[in-house]
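Two complexes, one shared chain (subunit A), two partners (subunit B, subunit C).
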Partner chain A sequence: MATDYRGKLAELIDELSRLPGIGRRSAQRLALYLIRQPLERVEELAAKMVESRRHVHPCPHCGNLSEDECCDICADQSRDRSIICVVEDAAAVISIERSGEYGGLYHVLGGIISPLDGVGPEDLTVNELVKRAKDVEEVIIAVNPSVEGDATTLYISKLMKPLGVKVTRLASGLPVGGDLEYADSVTLARALLGRTEV
Partner chain B sequence: MQLESLYLYNFRNLPTLRMSPYQGINLIIGPNGAGKTNLLEAIHFLATTRSHRLAKDRYLLRKTEEVFSVVGEVVTRSGRRKLRINYSKGHKQAHVDGERAVRLSEVVGILALSIFSPQDLNFIRGAPALRRRLIDMWACQMEHDYLEELHAYRIALRQRSSLLRSVYQGQSAPDQLEVWEQELATHAAPLILRRMEIIPRLSSALGENYALLSGNAEEASLEYLPSLDPLPQSGIEEISSTLKKELLMRRGRDISLGQTSIGPHRDEVRFLVDGNRADLYASQGQVRLLALSLRLAEHRLLEERLGEEPLMLLDDVDSELDEARLSKTLSLLPRMGQVFITTTQEKLSHLIPDPKAIWRMEAGRLEREN
Partner chain C sequence: MSIETTDVVILKQTPFGETSRIITLLSRDFGLLRGVAKGVRQQSSRLARFLEPLTEVELVLYYYTDRDLHLISKSSELNPFHQLRSNPLRLAHSLVIVEHVLRLLPPEDPSPQIYELLVESLRLLDEGAVNERFVLLAFRVKLLHLLGIAPRLEGCITCGKKLTSRVNIFFPSQGGFICEECPPPWREGRMTERLGERALRVRREVIALLNQLSKGDIVSFGGKTPGGGLLSEAGRLLGFHTNYHLGVNIRSERFLKEAREAYGEK
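After this line comes the complex of A and B, so read on.
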């Protein structure tokens, strides 16, 4: 009696379960779904995967994802080139773009400093940032407000100091539509520190 | 503050238990293993979502069962609240007044209490880490920010340790340590400041209670020995910058040690009796009296902060305490608001002043006697 998947199907499940966020069970479900689909659909999916892998690459300037020589944002001449927003990954670029409030350039670090995970500044695009920052007026550091995020912010701001560029970080505080009564005290304290004049 | 009703389901050895506690002293008498401590543990769980014995949640579950609940109605100065904590499949869910709490922390502190248990003796005699833990738990109750800072401090500590080892192995440059030292110092300063404030207050309340219980025979106190010594007295900024400098000075040594040799995680807190370290010199009787005085002190400071009396839970308080000290302890009870006290001995029912409720507990069943 078969107690586990074998052969090609087992190989497919193995491959799928290596994907982020996919456990053994999800991998089985996906694999069983895929083998029931018309062959053309699966071929199309496979081709899409290969194509994206082949054509999408980090932008040589900012590290954002791009299919062209340089990403849409870097290529856009209407954007403010005197300001760079530093983010952890390409997903953060999308988030900030959605806000519609930012018209400058980006710099994708490719992670955050965390010795526990074996990630040091040399694993990030920090040197590239230093080169780019020489030509701008302001660098906004927009990483998550965690201990690691704070350390990364500190590290970058120290590197920026000798360049004479203005370094800012995102304000942290109350969520829009939030209720003061339900805000935790740390958030409230940060919001007070970062208060703005009206 | 009062616990008006308590309902337990599958908690430890108690399949179900209903109790309408008396507003003053509740004396619970029963043989060993009847479930008296479990009852107090359940009340502690309702107040803090944790066991006072530091037991993991799954051990609170009755054998062969899958869910347990602790439900209680609390009357405080600000009104009546119904609390409920359910445990199922490794997860806890709290409800306040019938509404699901988004975070467990929303429940913590609605019911305030102090608990004395025989394990408290470890705080006096045991390793320094236990006493730091005690102070941390205490500070967390007093100020919510403390927990956040402590959490951030621990993350920064682990990150620096990891980097220290990486530097030692030549895989990272030493100057990368600077940001972690800054993070450590930033989060350490509020911890140190809060300890500086809390420990002397706790010490003087401890001393008063100890004097009372020992008949003024001895003096007891609590001493804070910060690892950053001397400690700047002028505030958070200075503590932070002094610690940062010290971390930098110790960097070389820390790299070879593979750990951070200074900071709140290395602070010492000591109990003293007549100026001598209790962990080294105190007798069993002194240790017991210290532990008891500590909880009575905690109860009083909690009362000062809340503006009302928290509950006082005393587990097995009469064992190992001589007659004179026991009766002094019991004479304090009528001033302490709602009290829960467990014993195996009948004689306690005569020693405790009236009015009181006497409960009998046997094999997980509870009945009121008077």
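After this line comes the complex of A and C, so read on.
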């Protein structure tokens, strides 16, 4: 346990264990690894952290992360400006970009509506989305299929209604290679709702 | 450790480690508990399919008497309650109900009646035949009764006389009403001058409604839903009471309010 560690090392473990997804045990492992590294290597790591924090910021248009005035995607004139894909965080932008199937703009919500945790639309960039949506034809809501994802989708689609924007959500449900016979009914219902014309 | 099969309602999921989740659930036989579902964040997981919040499932559980975290090994579907997730008002109301269970119930203290109340309330919201606000109000009254922490509605808590005035005064600190003829729970001044934050004026019809709800079943009211004003006032009394005695503020009520506003309901 951490009570065995003292002074600087204990402080480092404390600090690391505050990082998301890092428990006490992982923090100890990381700290012990770091102190065994050459000093230059650790200085470089520390400098990288400071530099990223200093230079990377959310794009003022879409909330995606960027080092420039606005992000690569918003700056790219070849992208379709009539469509916005709404995502939870910047990591989702990377995932969708990797699919290579999307050529429009993004909107990063900075979280997801999570009623049980008291996270509501006010805590996210929902108002900014409403402003942007006035100038587009379609808004795709690309959040995880979960209760929080459903709450977010239903809420946003309601706000979009009076704007006359087409609102779609990602089809979700049957995993590739899955067997229809073994699908549960929540998954099947979602897959039916998200069915596409062939 | 014992291997148990039990009906449960899934209440909440939180990520655990790289691939697992902790599932908080209400079990008919074991009460409110938490279990680990291993590997359910991987696409290939079979277990993941039947651990969706707001569904009723049958679980096989490795139950450890000496721990507060159990292991979920199998799950099969009982009631998926699809419509709860397709309508924001139904979703918001169900989440407020779920949060009451999460925050008011003591852990691992089974109550089959509370279990039935939860399933019945979710079923009513899913079917959509009864007004959502009414289902929520009935759920709250019944839950407080089953937990033994309901406000006293039968008469003045000091003299026991029936509450016959058009408007009566509820004191959260006393857990009930005090009639106009009895002294207020503070010394100086007349009762009505010093109400402020410490008491609530409640119409006679609201008391009658809460009394009826605590006894009857929800469905028998289905046809004749009381007006919105009565429902809000009754809800405020319960909120005031719960907050005072348990120090609990229900967070999801904020989303409920936002959903109502977005859908043009007050």
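In this section, the second predicted complex is superposed on the first by the 189 of 198 C-alpha atoms of A that agree within 3 Å, B and C clash if a C-alpha of one lies under 4 Å from a C-alpha of the other, contacts with A are read in each partner's own complex, and residues count from 1 in each chain.
By our rule, contacts are C-beta pairs under 8 Å (C-beta built on N, C-alpha and C of every residue); 3 or more make two chains touch, one makes a residue touch a chain.
Bear in mind the structure is a predicted one, so any value in this text is a computation, not a measurement.
Asker: Is the arrangement of subunit B and subunit C around the shared subunit A a clash or a fit after superposition?
Answerer: Clash.
Asker: Which partner does A:60 contact after superposing on A: first (subunit B), second (subunit C), both, neither?
Answerer: Neither subunit B nor subunit C is touched by A:60.
Asker: Is A:103 in contact with subunit B, with subunit C, with both, or with neither (first, second, both, neither)?
Answerer: Once the two structures are laid over each other on A, A:103 reaches no partner at all.
Asker: For A:194, using the defined touch cut-off, is the partner it touches subunit B, subunit C, both, or neither? Pick first, second, both or neither.
Answerer: Neither: A:194 stays clear of subunit B and subunit C.
Asker: Once chain A of both complexes is superposed, is A:113 in touch with subunit B (first), subunit C (second), both, or neither?
Answerer: Touch status of A:113: both partners.
Asker: Under the stated touch criterion, which partner chain does A:159 make contact with: subunit B (first), subunit C (second), both, or neither?
Answerer: Once the two structures are laid over each other on A, A:159 reaches subunit C alone.
Asker: On subunit A, which partner touches more residues: subunit B or subunit C?
Answerer: Comparing touch counts on subunit A for subunit B and subunit C gives C.
Asker: Flag for me the stretch of subunit B that overlaps subunit C after superposition; candidates: 184-192, 310-318 or 328-336.
Answerer: The stretch that clashes with subunit C is 184-192.
Asker: Share the list of subunit A residues that count as touching for subunit B in one structure and for subunit C in the other.
Answerer: 113, 115-116, 118, 120-121, 146-147, 150-151, 154-155, 158, 184-186, 189
Asker: Could you pull out which subunit A residues touch subunit B in their complex?
Answerer: 113-116, 118, 120-121, 146-148, 150-152, 154-155, 158, 184-186, 189
Asker: Could you please specify the touching residues of subunit C with respect to subunit A in the complex?
Answerer: Those in contact with subunit A are residues 12-13, 43-44, 46, 49-50, 52-55, 77, 80, 82, 85-88, 91-92, 95-96, 98-99, 102, 251-252, 254-256, 258-259, 262-263.
Asker: So in the complex, the part of subunit B that touches subunit A is made up of which residues?
Answerer: Those in contact with subunit A are residues 144-145, 148, 152, 155-156, 158-160, 162-163, 166, 172, 176, 178-180, 182-183, 186-187.
Asker: Given the complex with subunit C, which residues does subunit A contribute to the contact?
Answerer: My answer: residues 113, 115-118, 120-122, 146-147, 150-151, 154-155, 158-159, 175, 182-187, 189, 193.
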